[in-house]
Amino acid sequence: MLTAVAISLDGLGFAAWLFLASVGLTLIYGVMRILNIAHGGFYALGAYSAAWAIGLYTQTGQTIALTYLIIPMAALIVGVVAGLTIERGVMRHMYGRDEVLMVLVTYAIFLILEDVTKLIWGTDSYIAYQPAYWLGTIEIFGIPYTVYKFLTIGIALATGFILWWGLTRTRTGKLLLVVINDREISSALGINVTLFFTATFVIGATLGALGGALTAPEISVVPGIGAEIIVMAFAVIVIGGMGSIGGAMIGALIVGFARALSVHLYPPAELFSIYIVMALVLAIKPYGLFALSEGRKI
Amino acid sequence: MMKSFDRTEVTLLLCIPVLIGLGFILPQWIVNYIQVSLGTGLVAISVMTQMRSGLVSFGQGLFFCIGGYTAGMAGKFLGISDLFLLLFLGALAGLAISFLLGFLLRRYREIFYAMLTLAVSMILFGLLSSTEELGSTDGFNLASPTYLGWSPEGEMARYALYIATCIPALLCALLLHRYLRSPMGFVGEAIRENELRVEYLGTSAHKSVHITYVLAATVSAIGGVLWALALGHVDPEMTNWTTSGQFVFISILSGTGNIISPLFGTFILEIIRVYAVEISPNTWQLMIGSIMLLTIIFLPKGLWSLIQPSSSVVRTTLKKSTKDSKETSS
Amino acid sequence: MTVLLETRNLERTFGAVVAASNINIQIKAGEILGVIGSNGAGKTTFVNMVTGYLSPSSGEILYRGNPIHGKATRDITKLGICRSFQIPQLFLELSVLENMLIALIIAKGNAPVLFAPAVNDSLEEEALRLLSRFGIEDYANQEITTLPQGVRKLVDIAMATVSEPELLFLDEPTSGVSAHEKLEIMQVLITALKVTNTAVLFIEHDMEIVEAFSPRVVAFYEGTILADGPTAEVLQNSKVREFVIGSEFHRKGDAPPSSTTETNSAKIGSVLEGGV
């Protein structure tokens, strides 16, 4: 019973983290048809900048409460600066190119971001536990859980809801769906497709950075976290069906619970349980649970 | 005799005695790099072979690792040290595993192929990283190989292993080159261009992709065995996706024009890396990433296109065959 | 004459949309037959089903008396049924000759050979000879991306014939070509295909072409066959006149041929004169 509770709570915690880390990836793919490997770089930048800023702030001895503002601020700054630079500098010249080529382009950007991160913050690890520690813990069936974890779950739900609402209930979101459906027609209708792409890329980058920034207080921020997260985020969005926000949520839950199950029942399987689940899903649904449909070819 | 081989094949065959000869002349450190980069070079050419069919494998490290670990485990647990047997076992492991995985992967193309090969390689990464019997993330060391009962020592052992690396590596390259010129190689090109038409012409694209996948995997596994023996060590990093990414980088940089260019590219890169990492350890990936971006933007068919403008097998074969007919007529 | 192909109550639905229903057609060896019908009438769906690209929702397809529905496209090709495409399906970054070579290599069934060179002089000669049958050998060394639509169509058709099919479907062989070039292209095609006694079913919007080249016509309307018989009879049929030909005239009036297609087809014309 206790294990079941622990698995559920850990599963939800993992799922929230995975959703936040991967929703930007699926958003950019859904709108722009770009599988953005550089997403891992945004995640790492977000984590580093948040950890670094929190570290600087807490040294001043001020109240911890303000660190909860630092996290989204760090993510926003990283997302806008890095996202905008990359979109304006590289991506916009490559729109309409082959999807595989775009994977290679974003991979190259990912490599560059990896070293940029190292050049800015060095190779030492950063620890910014204060925001996670300050909220304390609550006991559920005798197992202590940090309140911060519940905060993350709440933020993941809120992010999912805002995206869903923004895409389906606002004018801008509806226009975006038109852009997704047919770029040429939307240009002809006078929709500024370039602006939508830029905005999407920046939002996606910010979400990736937010995933990293929110995780920073719970982990030790070290080089390589970007490379690690991108493969997990990919597993999440491929299970759900690439380009689907709801799919990312389901994918995050599946992967999160798979990981929680293996952590509690068979720890050595933790690292690869994710991919086993992914392989199983794909064996049944080759393009994920909510795959986008393809048109007639001939 | 020469007529049955084209220029690339002759070059590869000539490279065998030349490289072996260089092994006695060049300083030891260069010879070491040649040896190591022949191992990784085989993985790079197998990535390139798949690229000919339009398939980018971001997980070729899987078979590189399978080859290396098979050789290592055969030594560690079964006491096998014979190089030929190790090569055979490594290749067999690569072949068997890729044959099975091929049934899943042959359904996918483009980004799905890229990402699923990546995911599959990360399964092994996770598995090896958490297996204490195999040294977890540290991996383990390999003993020096023997050759049909002969176990050389000292300098002799080094030369023997070097020669035993050159020959299978170049023969594998020759094999892949022939494959690309064969009917199956043509079908691969056709799949890259238009799979629907391939099916309508009356052959199975899935089967062709499967064969390419298995062949590339087997050659990568052989590369893994050779590399592991050269370094005397294996660890899970061999199958980390970042390792696979470097093979993709080499293929992009060299282009898919000729099997020799990724082999050569691997060697050059290996040398540059040593100095780059020494001078500025935190900018190596930055350099690779920038070079890759520039290549994609300015040289979409890779450096090879500077040497030979056309990168299609068909065209190189055609040029060859018209040249052949001229030779026979004169 | 032997019956090559027979379909029985063929039906295909996409969700609630019935794309084709109650399709009963017989095609005899060596026969030439035109198919007319407006866009969305089920013509291409029919060809897609017979060639295995789509599986029928119900009904039977018999080839020489044996059921072939549910077979893969490649297996149907091997049986001797080939097709061309409304939008040419070519290997775009390769040359015309390379396209033909690949088609020949696959047709000869050498694909399983792994390590022997695929191309030799005799194969090249054969490819050129096939191209000359369609009057496009002058384009042999050009990359497909540089070719006008009309030539692409001919390459597409030439590739469909390399395995010498008994039955060939041509999906709008003259679309994208100006009116007066259509006759010429069809002339080249039909002459080339007569040589091998190939049965041909072609989908066509131009009634003049249909009258000129096919003794028999099948008219499709909203997924069903409206009429099937000798050309003169079918074209006089009142329902066909009302639902098919009427809408055709309407369609043509809506979309006059653009100037680019004119120049493209002018090029083909000059080649055709040289080739035939």
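Letters are used for the chains, namely A, B and C, taken in the order the chains are written, and counting of residues starts over at 1 for each.
As a convention for this text, a residue touches a chain if its C-beta (ideal position, glycine included) is under 8 Å from a C-beta of that chain, and two chains touch if they have at least 3 such contacts.
In this text, all values refer to a predicted model and were calculated from it rather than measured experimentally.
J.: Hey, which chain ends up farthest from subunit C, C-alpha centres compared?
T.: A
J.: Grab the C-alpha centre of each chain and report whichever is closest to the global C-alpha centre.
T.: Central chain is B.
J.: Could you give the separation in Å between the centres of subunit A and subunit C, each centre being the mean of its C-alpha atoms?
T.: One centre to the other, that is 49 Å.
J.: If you average the CA atoms of subunit A and of subunit B, how many Å lie between those two points?
T.: Subunit A and subunit B have C-alpha centres separated by 33 Å.
J.: CA centre of subunit B versus CA centre of subunit C: separation in Å?
T.: Centres of subunit B and subunit C (C-alpha means) sit 43 Å apart.
J.: Subunit B: which residues touch two or more other chains?
T.: Counting only residues that touch two or more other chains, subunit B contributes 196.
J.: What are the residue numbers in subunit A that touch two or more other chains?
T.: If we look for residues of subunit A contacting two or more partner chains, we find 298.
J.: Show the residues in subunit C shared as contacts by 2 or more other chains, in ascending order.
T.: Residue numbers touching two or more other chains: 89.
J.: What does subunit B use to touch subunit C in their complex?
T.: 6, 175, 178-179, 181-187, 189-190, 193-194, 196-204, 208, 211, 215, 312, 314-315, 317-318, 321, 325
J.: Can you tell me which positions in subunit A touch subunit B when the two form their complex?
T.: Per the touch definition, subunit A meets subunit B at residues 35, 90, 93, 98-101, 103-105, 107-112, 114-116, 118-119, 123, 227, 231, 234-235, 238, 267-272, 275-276, 278-279, 282-283, 286-287, 297-298.
J.: Quick one: in the complex, what on subunit C touches subunit B?
T.: Within the complex, subunit C contacts subunit B at residues 51, 72-75, 77-78, 82-83, 89-95, 97-98, 101-103, 105-107, 109-121, 124, 159-160, 162-163.
J.: Which residues, counting only subunit B, touch subunit A once they are in their complex?
T.: 54, 56, 58, 104, 107-108, 110-112, 114-116, 118-120, 122-127, 129-131, 196, 240-242, 245, 248, 252, 282-286, 288-290, 292-293, 296-297
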